[in-house]
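I have a structure I would like to understand better, so I am pasting it below and will then ask my questions one at a time.
Chain nomenclature is as follows: A, B and C, assigned in order of appearance, with residue numbering initiated at 1 for each chain independently.
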Amino acid sequence: MSALLEVQDIHTYIGQFHILEGVSLAANEGEVTVMLGRNGAGKTTTLRSILGLTPPRSGSIRFAGKEIGGLPTYSVAQLGIGYVPEDRGIFTDLTVEENLKIAERAKGDLDRKADLVFGLFPDLKRLYRLKGGQLSGGQQQMLAMARALVPDNRLLLIDEPTKGLAPVIVEKVMETIHQLKETVTVLLVEQNFFVASDIGDRCYILDVGRTVHTGAMADLERDEALVQRYLGAVA
Amino acid sequence: MTLETLVNIGLQGLTMGMLFFLIASGLSLIFGLMDVLNFAHGSFFMIGAYVAWATFDGTAAIIPFSDLRFAIALVAGALAGGGVGALTEWGLIRPLYKRPIFQILMTLGLAYVLTEVVKVVWGASGHSMARPESLSRAVDFLGRPFPAYRLFIIALGLAILLVVSVLLQRSRLGMIIRAGVENGEMVQTLGINVRRVFTLVFTLGAALAALGGAAAAPFVGIYPEIGLEYQLSAFVVVVIGGMGSFAGSAVASILVGLARAFADYQLSPLVAQAIIVAVMAVVLLLKPEGIFGAKKGGGL
Amino acid sequence: MQPLSSWLKARWPWLAVLACLTLAPAFLNKFYLGLMVQVFILAVFALSYDLLMGYSGILSFGHAMFFGSGAYVVGLLLKGAAWPLYAVLPVIIATGALMGVLVGIVTLRVRGVYFAMITLAFAEVIYILSASSQLRPWTGGDEGLHGIPVPAWMSPTAERVTFYYISLSFLVLMYFLARRIVNSPTGRVLIAIRENEARAATIGYNVFWYKVLIIVISGVLAALAGGLNALYFRNATPEVLGVGRTIDALLMTIIGGMGTLIGPVLGAVVIRVLGNYLADWFGPRWPLVFGLIFVALVMFFPWGIVGTLRQRPLRGLAQWIKRLSRGAGQKAS
């Protein structure tokens, strides 16, 4: 299996603080790779490092065989990486339509992807003229994922998509990510072990800025001691 | 106060408001998008005034029609301001994005330098600029003569307001600007080079301020302190309207312009200026994000 | 005698400088003594600014209002009201403190750029008021107050040596006062606030009042410097309230190195002594050159003399030249 994204031993500083002290991971094409770990383990910073928002000081990040460490954020994105941040990053002052349109990398992207986007998120059609700020949390989450699908992205980085959502909506988000697998590769940060084990193929556990475990999701589910040690009460 | 006086002062206030709008709208957008509070923004206004005046007088021998010369002068002023703005962003502001405090110090220093440059080139004392022929008459407005030039400034301001609104609301660039004011980082992760948009907005903002200066020149005269003076009013407008809000700065400009005109009439220009700064302080204390506030926090 | 010798050993460079300054009137002529007096006054002004910007992280663009107010208090009371000098001194201090409290309470509710903006606006209003023709009977309008009567014993012209020692003592006193403040528990809290305001507040410090306090202290220092400036030049003009004065303070602080006590003093030496020759050289163009120097410093030596000596110098310049050449290359291709 070929790895679409390969992160090797990255070290990232924020100000004077050494946040990532050697994170390595790989996301295989067509799989959902899950990053687990406690709060402050460095999961979000890893995503941001991949995107060049907090560029790592050392280490390598390869995407589709190309080194992308050190590239500006917009160039990284243009290679085909979509981002769904933890706060969803919806532009509250823009309409749903504009929130989708702004993600177009070529004219007509949205029209070409209309079937995919509105097939996965039929509600968005109804909300089309509303402002982003008028949507509920769950609707914003749908919009954020839809937006990442508008351009031809090969990899989606999704940060805690189920956080703060009602159980019914969580189900829906999970279902959507299952369906996404047919189109794109996903690197997912998820605190909710139940969600992670349900949709993840492979998993990485981060602890205080380091990768401490790598393996198939199915194996992790059986290794209760490991789960207890790094994820504690989460499981 | 008679109705006539009221209308007259109202129109005077609108005229000033439009000048404030031309300088404040760029200031507000630049801050909203790039987190740069540009203390050199008034200098672009000043450059616009000087270049327009120099062009108008300098071409007198070649072009006999004062209306045409005036149009050329307006364009020249706006272009000069935009050009200096583009150079400023590219050469001086951009290297300092990682050091915001020094960015502010830079713009303050630049304001000082540009004022001194103008003094060296055109002298420290003031100049006056004639109005073009067709705008130097008075127009009958509700039975009272009103200088056509002021109506021209009002019309120019409204036209710019319309054009920029359409640009912001209907174009892709406008969409990116509005999104960038809210969350510049997210815009980048969508594959958009925000820095290029920064240069564009800074240049456009500078050109608008310079156009304001060019339009103001025949109205208020040309002198080195004009930049800082109008910048001060623009600060007030931007604070009241809310940093980063284009609509807010449009409404606040007109409010401040009207307030100025009435205070000028009833009290003295000096007291009026002081009162308006006091109003800004009050707004900041009660509602720091401004009345139409778009952007939270003061940056840094 | 061991303690004394080790005390001397640690401080001999300072004592040597102080000794030189004390003996200077024996060697320097009147002109250079005058230059030194201006250096001392500006040094205190810059020092007061650095207490805000360097030590507390408060960016004010209206510092001239304190300096200028001190100058105008001297002018108004000595010339206008014919008060004796000893009675003027407490008024200067009170004015600086009162303005500091007002500015602090009104503007500290906002942070960063907003604070810079409002302080500039306040200072500009005071500047406009000082120059206004309506207040001409009191302030002299845009010409300001001239011929302020200074007591004969400290006349800046006839008794320049006395004035020199007064200014030198003033600087030394204020320097130690500032050092005392910076090294006190209060000073450490201020530095903590500069580094991380939220954390300082969480620990339980009342960030707001600490900031008001430092603005008051800084305001008093600046007002005193402004008062002495008015005594030396025997005048108070709107120029001392203008934004140019604030840039003076900024420039001296940045040249010397912000966040250090000796930096602003060095900055004052550079600006006034070097500036004296450069001003002769460039004539009316000097303010322009001065502004360009400021811009260049902000770009390439943001940490000043002291900071640059500690860091790798010229790195910024090299980067900028690289950028320029890259940009030119792009255009050509």
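By definition in this document, a residue touches a chain if its C-beta (ideal position, glycine included) is under 8 Å from a C-beta of that chain, and two chains touch if they have at least 3 such contacts.
Please read these numbers as outputs of a predicted model, since none were measured by experiment.
Participant: So with touch defined the way it is at the top, what topology do the chains form here? Options are line, ring, star, complete, other.
Facilitator: It is a line, because the chains touch in a row without closing up.
Participant: Return the chain label for which the distance between chain Cα mean and whole-protein Cα mean is smallest.
Facilitator: B
Participant: Please work out the Cα centroid separation of subunit A and subunit C, and write it as a whole number of Å.
Facilitator: 52
Participant: With chain centres defined as C-alpha means, what is the inter-centre distance between subunit B and subunit C in Å?
Facilitator: Distance between chain centres, rounded to whole Å: 32 Å.
Participant: Suppose each chain is reduced to the average of its Cα coordinates; what separation in Å results between subunit A and subunit B?
Facilitator: That gives a centre separation of 43 Å.
Participant: Which residue numbers or ranges of subunit C touch two or more of the other chains?
Facilitator: Expected reply: no residues.
Participant: In their shared complex, at which residues does subunit B touch subunit A?
Facilitator: 172, 175-176, 178-179, 181-183, 185-194, 294
Participant: Going by the contact rule set out above, which residues of subunit A touch subunit B in the complex?
Facilitator: 51, 53, 72-74, 77-78, 83, 85, 89, 91-94, 98, 101-103, 105, 147, 151
Participant: Tell me, which parts of subunit B touch subunit C in their complex?
Facilitator: Contacts found on subunit B: 31, 37, 39, 90-92, 95-96, 99, 101-102, 104-106, 108-110, 112-113, 116-117, 119-120, 228, 232, 235-236, 239, 268, 270, 273-274, 277, 280-281, 284-285, 288, 297-300.
Participant: Where on subunit C is subunit B touching in the complex?
Facilitator: Contact set of subunit C toward subunit B: 59, 61, 106-107, 109-118, 120-122, 124-125, 128-129, 132, 134, 243-244, 247, 250, 254, 284-285, 287-288, 291-292, 294-295, 298-299, 302, 316, 319-320, 323-324, 327.
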